[in-house]
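Got a structure for you, written out below as structure tokens; questions coming shortly.
By written order: A, B, C and D. Residues from 1 in each chain.
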């Protein structure tokens, strides 16, 4: 885990999968915290709660910028504190736009036009355009240096499955980063995963690490 | 099958899944041919071979326009004949752009910028733009009235699985049409499909019909 | 005036969820609508984090931390449901595949503008989640909210004062006092809660209401 | 001059496919490269129609009409392989996830322009398939083709005469006479097939070749 995470360097853009308590690579985040790079840009749906996950990176002063859609889950105190003191940059992106920008990066597209946020404050300063009389906002691809994701089972080729709603941003983030590291509950032999049920093909994943049980699985 | 296909009307845009021999809804195409609407626009990767599939629609004079990426499989004689006699419109789209335009329609996006075809004849007349110094072509969403797709197993909610590489354009087309009709080899009880292995969620599918064995399955 | 309580409001919306609908229920009061949809109606609930066929809360001890809804509550999956990633989930929302979304709101305008994600308080980090995607994407967008704020200020206005979630996106408003339809001519009263008059409801509304159809 | 036959050309490309690579092999001659990649190298083949881990042809009678490669030939899946749809498959291609693509070509220019999908014959419906997506997306694009046409005309030119598949996309050209690298200074000879001189190869090439590195 520690070795895998050592690829993250000061100033890197790091995507972190998960939604609420679901599908978060908590052990990789803890390994990242211990590794201790500075000036990170964190792209994730939420911003961690209490002292957990992304909140611990914010607490430890490792984060320069946060890009997310919903940083106000109950107990997101560290994001609030850093925001109020003005010590981080903060970019708010509607959830679907965030996911689609991540997918665009993974799929080699530069930008796209979405109707989401047209006519709202979140489209201010962005290019807009009418198609068939309807307003759309141009949004650009969002790339990362490293993606930290969580799967359920993984094999040595990097093929992954997920647990129920644990997919959320994980499959798209795997595509959008130069280096993707997946934390999984179980590592299986190559060929053991049903080829019809692989959700993230191994081509998108560089390193698969087994959860070490460092963190309470229900946290 | 005949009842399901009766929603297709003269002048409709019809997407048809499949790639080569793989994942083609041959029975739905045959039902469409017997139903006999005129002036159809057909969106599909290929254009049928011999007297089969889309070729039979071209032969019977039901097609006004073909949008595809690879109409020159060995034996695509009806497309060639209609093209040479100038009796159809023909739009050639790179395969990835075709798929992405279909996905964009299903995902509610109006357009996107792809590097594919930049600087080539297939980008002529299209808007282009540089992002980070690289050239991209703007491509717009491709919608349909009806999509005809083929799955392996389906249930009454419209959830679908596929057989091996039989997915190809089928999942995206299911999202991009007002009405999606899926031909499947087997209909199972709701709840019998593994929720982790459903490829096309039922929300994208309007009607699931069982193959009647009218067409040789290996055709 | 006669006011529906939360249950009454959720029950009223539930009446209008038809058989076979794909429905997204927003965080908070809208989530309760599912409790009152008649069991003989087959309704499939979507959760933005990647679920179709959301079922009730699990029995204590049966919670799966990965299996939550958009409000981060533990849920279950009904037979016939399935899982998918963010990209597919928001394709469903933005692409017009959901029949109905029910959202809460701070304010709604007479032209169907929705303000539900931010006040004018800039001291807190703003949060938007999937509300803007639902607003533009759902075929029918229903707002479920109290008619007025706690302080008695109208929430239904000629123009929203708070930042918009979407412009001209709301189809219908269900409040504790009335059901209103957004029409090209303005906000039309569809129903008044029994015992209330149009004049009474108009008096606590910040824009002109059109009388119910004759 | 000494010319490699098809097998010799495919063998030569195969030498340059490294262990662990994700590789897409184009229709026709490029497909044969897989036959000569050493068995101790773990190479994963991608097929645009939605396969990673493409294996050899099935035994007669074992064909699955849904399990074909981009050339519409029946194939098998190796353990560890998987299936996906067109959108994901072309995300892999366009998004820069494939290490190497090997394509055939009609013509290649000294600046790496590729012409592989259409001649100037307008009487036939043109076909492009996935070639343009591979051309822009693969990290390394190798062209495998004969050095000249059947009529002896050069296919390596200062500028392509046929419609382009992509501009400045080719990294390396493997022919029956030589291996050439596209560099900012022009086409550099990496290797000559044994027995041929630079002057001989230059004579059948439509653009200036840079001599091999000392």
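Note that in this section a contact is a pair of C-beta atoms (placed from the backbone, for glycine too) under 8 Å apart; a residue touches a chain by one contact, two chains touch by 3 or more.
Note that the structure is predicted; figures quoted are calculated from it, not measured.
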Any chain that touches chain D and chain C: A, B
Chain A-chain B separation of Cα centroids, rounded to whole Å: 33
Where chain B and chain D are represented by their mean Cα positions, the distance between them in whole Å: 28
Whole-Å gap separating chain A and chain D, where each centre is the average of the chain's CA atoms: 35
Residues of chain D whose C-beta touches two or more other chains: 77, 83-84, 87, 90, 93-94, 136-137
Per-residue multi-chain contacts in chain A, two or more chains: 100, 103, 107-109, 114-115, 162, 164, 195-196, 199
Category of the chain touch graph - line, ring, star, complete, other: other
Chain-chain contacts as defined at top: A-B, A-C, A-D, B-C, B-D
Residues of chain C defined as touching chain B within the complex: 22, 44, 46, 52-53, 77, 79-84, 87-88, 90-98, 136-137
Of all residues in chain B, those that touch chain A in their complex: 100, 104, 107-115, 129, 131-132, 134, 136, 140, 161-162, 164, 194-197, 199
Sites on chain D touched by chain B in the complex: 47-51, 63-68, 72, 77, 83-87, 89-90, 93-94, 118, 123-133, 135-137, 163-167
Contacting residues of chain B [partner chain D, same complex]: 19-23, 45, 47, 69-73, 79-80, 83-84, 90, 92-97, 99-100, 103, 114-122, 135, 162-172, 199, 217-219
Chain B to chain C touching residues, read off their complex: 103, 105-109, 155-157, 159, 175, 190-191, 193, 195-196, 198, 201-204
